[in-house]
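Pasting the structures here.
Shared chain: subunit A. Partners: subunit B in the first complex, subunit C in the second.
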Partner chain A sequence: MSSAFLGGARDRLLPVSIPFRFFVSAALFHLAAWGVLLLEADQLGGFTGGPGPILAATHLATLGVFAMTAIGASYQLLPVVTRRPLARDWPTRLSFWLLSPGICLLAWGMDRSSPGAMQTGAALVCSGLTVFAMLTADNLRRAGSVAVVAAHGWAALLALVGLAVLGMLLVWDFQTGFLDDHAGLAAIHMVLASYGFMGLLVAGFSLVLVPMFALSRSLPQRPGWAQLVLAGVSLASFACGRWTGNTAFNWLALLAGFGAAGTYLWLMRAAMARRMRKRLGLSFVLIRASWGLLGISLILGAALLADLPIPNAPALFGFLLLAGWLSTFLMGILQRIMPFLASMHASGKSGLPPPPSDLTPQTPLKIHAFCHFGALACCAAGIIMETTALIRLGAVFGCVGALAFVGFALIVLLRLRAFQQGS
Partner chain B sequence: MSFTRRTAQLLHEDHQGTIEVIEALDQLIAKARKKAPDVSDAAVNKTLTKASVAIEDEISNHFAFEENELFTRLEEMGDVGIGEHLRSEHAALLPLGKTVAEGARAALQGGFTDQTWPPFRNAAAELIERMFSHIQKEEMALLPALEDLLDPETDMQLSSAYEAAHL
Partner chain C sequence: MSDAVPGKHWQAKDGLHIDTRGLDPPDPMVAILWHLEQPGQNGPVTVHLNRNPIHLFPELIERGWLYEVQHHDSGEVTLSLRSAP
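On to the complex of A and B.
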């Protein structure tokens, strides 16, 4: 019974081990990313790219935390949203076993500036992402409903292809130096990964998940399409701007980016205003904070483009984009969907499913939230003031928070197992 | 959510009505905490009055309709899981709804005491959490599935019957 759920049971609800292996890995990579930053805090402020521990920490976060969370959530939620089950289960496991070692190897190679490890790691990661892209494309292809969400999915996959190809080129370029403009392509790679692949998935899933968790009335469709078109224009313009060196494209990208983010934030505000559930809990403190951090990241992007004299602006921009917006949002969503999904797979001794709160340890989440915001504040201040001690303090906060989140994830799993064994 | 099938729309409207009552109950509990609320307070009285009638009636009719008319159709199409899971949630919610409704009725007559408030609060808190979670699942997974499950004719028959039962 426990494996049967959500309009198609064996079809649409995957075995709990599939999404949870991605989520638990994301929690562990989160800890690893902060750990690397703690050890190499002195290198963050002046970071502008290139192999080394900061690039490794960045990819532990982007691939290890963000992509793992997005992939685990997509595998489980897309079939529910599109009302079309995944064709098969086994490729989801295959993608995990390609991605996990690939991310470790890639990050290790970046940390040690080892071309061989980077190339092997990148090849494994790209293979895993290809399996994910094929499964998701097959599901989206068969989705006749929720067109605006599916369109965000398609656009995210397009961005994924672009960032993966660029990523491979960049990794090989570390060894051979065949690229004329490594920094320019690295910038496109980063923007496609963060605002493109992750941003479009966040924007698309938000149209479903935020109203569902807040029990909000339906959101209008047209702004959803508008945010997608604006995001597409922004990403394409940015790529053109970096490729051609024409700054007009960069400004167009920024304007369209503000338009896309503004539309998204307007939609989320509408969802909050129309919500029927008033008390949304700690997860929505994180989610709401992430919306503010999205805006701050774009303002910093504008400052970078205008060449305003902000100390260590590239590092600050990257930090607030990744650890600020995306990490804050995804940790908020993860702490909500892990107990929610677990409760669907658990039955108590009575045969009745437990409420999600029975599976949710609150203390680790409170510690994580406190430490996460402490980490953001200290690291951002440390980057601006060029004070390694502040960045290190922030990384300590980050590690403690990440450790608490790992504890949360493991406790959810242990409680789920206890319920399953009791039933 | 908005739905093209009238049956899904009616169930969605039911959810909205239930959420309104449950949310008011949640606010009552959050405000009162461990101290028994004064039932002569107009807001408390209104919430308990709604809870004493609406929850039990709404969920029993709503659940019966889903179990008898929708889950069976899903099962006939080989889609067994959703009915099983949501039935198990109904089984958890119905006695809780009954307990809360009875507690609300008793409180309206004689007020809460230090002995009656804690069990009422605990039952209501569990009902609130389970109900929110249940409605989230139905809104995300059951009601959209009705768009595929019901043809227009069946949709009209079911929605008319459901509306008639609500009158």
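On to the complex of A and C.
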């Protein structure tokens, strides 16, 4: 019976090597980001921007982990959700080979304050992102269903264009200093990257992925549209506020941001309440924690705006936004979809694919989860208390957790290969 | 959940039929798994879909169900399911 599955199920599946090269790279960049933080722990607390190892670690996380995960997942999942296969495979490989060396070069240039390396790396990264954006736009253009998810995709692409243009300007400004307000544009770049591009992809994909993993009915469309509109108002207001210096825009951005996040969390709560799967596993411990961290990041954003006396508030905000909300969410999703995708591609001598649970090594995931939360707690406490030793301890936790996650990814791949060889 | 289970279903001579055509993801998967998890349900079950449910297959394998996929020229798909012996 399975022969029909093996032929038919793959009609919208990319070759397994395509999503997995993005996912394994994300796991390796995750390790690299924590590694840089471990070596340069004393610089995190007072970080407010500018070239150096913390900026390098930040981009290893945002581009290396977040963007790589999002791109790999988009290539695999969007054609399934929109019911339109990607026109061809080779541009997906091209985007990977532009992004991977580009991210390494950009991060190395930021660490060493080398304008040439930063500019070349940024150009490669932007070229890779352009290929991704064109492929995704072509797929979204042909999408016939799930309009609210497709709309989130379009908005995320718009944010991607904005953040990429600003990123290039900022990199060139390190050498020439032609920008009047480098810090202001850097803030817009960061918000467009985190809450914009990544946040909109997370919010859009969550409308399908979270109910699918939890086995819950599809979520209502209207709140999905509301979260998109509120997120758009928030991002546009923040950009206007930083551009014009009018703080009223910033408060409007915050209010709309709370509204968007609140709507998103309400939708996720509805998915959890109506779910058929009672035992959601470790991945949802991370995903649920990430929802709390999203709220905390916005509260910290409000504290920053109100100028409340929180020690090292900018660094704490950035850390909890990136390592807290986005990293926790994406690691939860990655550990769920990697064995799932592997199962769809694998088959043994019997012709039957293995269940995802047979492809999932639990021990590395338990180590990762324990270390990830340990890293968040220690680093956040270290930033507030201005204690480098605590930040370094957190980075040790982060490195061990990241190493465990690399082990998880490799074991999934080895088990997939074993099943494909029919052993 | 039973009141809200998406799609249509009916009992025929050849077993249970589930029709999830027109539903957006993940409703087809939720409907199919809900029916398969009902006590005493061992198949055969025939499912009518308007897309190839590739995310369903790992869930079926995990639950010990065998499946056969028929693709139609219209783009629709028929799944035949039975519980593994």
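Operating definition for what follows: the second predicted complex is superposed on the first by the 411 of 423 C-alpha atoms of A that agree within 3 Å, B and C clash if a C-alpha of one lies under 4 Å from a C-alpha of the other, contacts with A are read in each partner's own complex, and residues count from 1 in each chain.
Operating definition for what follows: a contact is a pair of C-beta atoms (placed from the backbone, for glycine too) under 8 Å apart; a residue touches a chain by one contact, two chains touch by 3 or more.
Treat the numbers as computed from the prediction; the structure is a model and nothing was measured.
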{"item": "First (subunit B), second (subunit C), both or neither touched by A:Q227", "value": "neither"}
{"item": "Subunit B versus subunit C as contact partner of A:Q76, first or second or both or neither", "value": "neither"}
{"item": "First (subunit B), second (subunit C), both or neither touched by A:T62", "value": "neither"}
{"item": "Contacts of A:V208 with subunit B and subunit C, given as first, second, both or neither", "value": "both"}
{"item": "Contacts of A:M344 with subunit B and subunit C, given as first, second, both or neither", "value": "both"}
{"item": "Contacts of A:R279 with subunit B and subunit C, given as first, second, both or neither", "value": "first"}
{"item": "Partner chain(s) touched by A:S218 [first = subunit B, second = subunit C, both, neither]", "value": "both"}
{"item": "Doubly contacted residues of subunit A, that is, touched by subunit B and again by subunit C", "value": "1, 4-5, 8-13, 80-81, 83, 145, 208, 211-212, 215, 217-218, 276, 340, 343-344, 352-353, 355-357"}
{"item": "Subunit A residues within the subunit C interface of the complex", "value": "1-2, 4-5, 8-13, 80-81, 83, 145-146, 208, 211-212, 215-218, 274, 276, 340, 343-344, 352-357"}
{"item": "Touching residues (chain side subunit C, partner subunit A) in the complex", "value": "1, 4, 6, 23-27, 29-30, 33-34, 37, 51-52, 54-55, 57-58, 61-62, 66-71, 77, 80"}
{"item": "Footprint of subunit A on subunit B - complex, ascending", "value": "1-2, 16, 19-20, 23, 26-27, 30, 74, 79-82, 84-85, 88-89, 91-92, 126, 129-130, 132-133, 135-137, 139-142, 144-145, 147-148"}
{"item": "Subunit B contact footprint on subunit A (complex, rising order)", "value": "1, 3-13, 80-81, 83, 145, 208, 211-213, 215, 217-218, 276-279, 340, 343-344, 347, 351-353, 355-357"}
